[in-house]
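Each remark here refers to the structure printed beneath this line.
Letters A, B, C and D name the chains as they come in the text, with residue numbers starting at 1 for each one.
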Amino acid sequence: MSDLTDLRDGMRRFTEARDWSRFHDPKSLILALVGEVGELAELFQWLPADSAAEKAREEPLHTRVEEEISDVLLYLIRLADVLEVDLADAATRKIESSSAKHEPGHEPTRYVLGE
Amino acid sequence: MSDLTDLRDGMRRFTEARDWSRFHDPKSLILALVGEVGELAELFQWLPADSAAEKAREEPLHTRVEEEISDVLLYLIRLADVLEVDLADAATRKIESSSAKHEPGHEPTRYVLGE
Amino acid sequence: MSDLTDLRDGMRRFTEARDWSRFHDPKSLILALVGEVGELAELFQWLPADSAAEKAREEPLHTRVEEEISDVLLYLIRLADVLEVDLADAATRKIESSSAKHEPGHEPTRYVLGE
Amino acid sequence: MSDLTDLRDGMRRFTEARDWSRFHDPKSLILALVGEVGELAELFQWLPADSAAEKAREEPLHTRVEEEISDVLLYLIRLADVLEVDLADAATRKIESSSAKHEPGHEPTRYVLGE
């Protein structure tokens, strides 16, 4: 039982029922993803950095945040499906390679522009 | 067995081992997500729209695409964790509400600027 | 007479009249920029690649495109102002350095994943 | 003397000398813009919100910021050119319409999710 697979299948059914796969080339899906990331960003843009998390855990913001994060996830899942990427597997391997690359005890890359 | 929960836990361990949770406020995580979406967009920007999917299913592009899609997913999972969003549940509900909103047989919204 | 300077001054007056400079730290402005880029992307996401330009030069899309491109520009100008970047000068130098870097007769970088 | 017109002309010459106008359809240009916005976001993602502006006004960050802001501007100018948008005119009108819409004395929209 994989929830990423379930969501992928849900998006497949949604897309096929509407015959929208003709719109789902990668460049279009990335633009749609960018649109949803933009909506997510707008929810947070003017919130003070140090109270943003607290405000976003409470209503009315929490429901909006859930929706926008979900939209980003669903377009990402759809893109992965179109490109034959096994998301769970790829992301698991990415955590492993990042763990090997970033030794504990250091600042995140980019923090001091060091990469 | 939920793979989204597994990935969330993997990101928690990764973050805690490096004491990076102090960097993971929502605005910073969204900027990091935007950075990864940018890297994904760069892979596709100059590809012809009608052969982009095919090219991205083959090497050397496929491995790069897997990595960038994974990076986007992992920051999104981390953001959801910080904001106490149950991603699998929220995304499942979003597919349901979108299915109710967009009746089969219509073009996707925005296609003709109709919203 | 510099139009980038005029727009910068217009944004300064707009911001000061509303006492919004307290919201305009760089991370917040970049998130706002991302929001506007998202709105721009949404206008194009489902358009066919080969007729998108033509459709966007005609109404009703053209006016929407003008607005969203302007929003992106205005947040970018505001960000440059906050960070004391002389946009006209920096962008002129960037064209020069890109011209030196990309010899005519080659494909754009990233096109074949070569960077 | 318009610097936006000068930059537009510089980008035209750059593009034509390389015969890259065939890559510059709107969807591709927006993806390229997204890539540059992502690079800009990466420079700021882990900086503390309250010292980000100060850090970005000093080297080594300032030069990087100049470059990334310029890249965003140049793709935006190129997109406007392809879509026959007069950027200076459109942005001037946008400041005017925003000034009429947002009466001084109020919080920015989205700040309290009010739009």
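Operating definition for what follows: a residue touches a chain if its C-beta (ideal position, glycine included) is under 8 Å from a C-beta of that chain, and two chains touch if they have at least 3 such contacts.
Here the structure is a predicted model, which means the values were calculated and not measured.
K.L.:
Consider the two chain pairs C-D and B-C; indicate the one with the greater count of contacting C-beta pairs.
P.N.:
If we tally the C-beta pairs in contact for B-C and C-D, the bigger total goes to C-D.
K.L.:
Can we say the copies subunit A and subunit D touch using the same residue numbers, with more than half in common, or are the two sides different?
P.N.:
Counting shared over all numbers used gives more than one half: same.
K.L.:
List the centre-to-centre spacing of subunit B and subunit C in whole Å, with centres computed as mean CA coordinates.
P.N.:
Computed value for the inter-centroid distance: 24 Å.
K.L.:
If you average the CA atoms of subunit C and of subunit D, how many Å lie between those two points?
P.N.:
Going by mean C-alpha positions, subunit C sits 2 Å from subunit D.
K.L.:
Counting only residues that touch at least two other chains, what does the list for subunit A look like?
P.N.:
Counting only residues that touch two or more other chains, subunit A contributes 23, 25, 27-28, 30-31, 34, 37, 41-42, 44-47, 49-50, 108, 111.
K.L.:
Contact residues on subunit B for subunit A in the complex?
P.N.:
Against subunit A, subunit B makes touches at 1-7, 10-11, 14, 17-20, 23, 25-28, 30, 33-34, 37, 40-41, 44, 47, 49-50, 52-53, 56-57, 62, 65-67, 69-74, 76-77, 79-80, 82-85, 87-88, 90-95, 98-99, 102, 104-106, 108, 111.
K.L.:
Which part of subunit C faces subunit A closely enough to touch in the complex?
P.N.:
Subunit C reaches subunit A through residues 23, 25, 27-28, 31-32, 34-39, 41-42, 44-46, 49.
K.L.:
For a test of understanding, state which residues of subunit D touch subunit A in their complex under the given definition.
P.N.:
Per the touch definition, subunit D meets subunit A at residues 27-28, 30-31, 34, 42-43, 45-50, 60-61, 64, 107-108, 110-111, 113.
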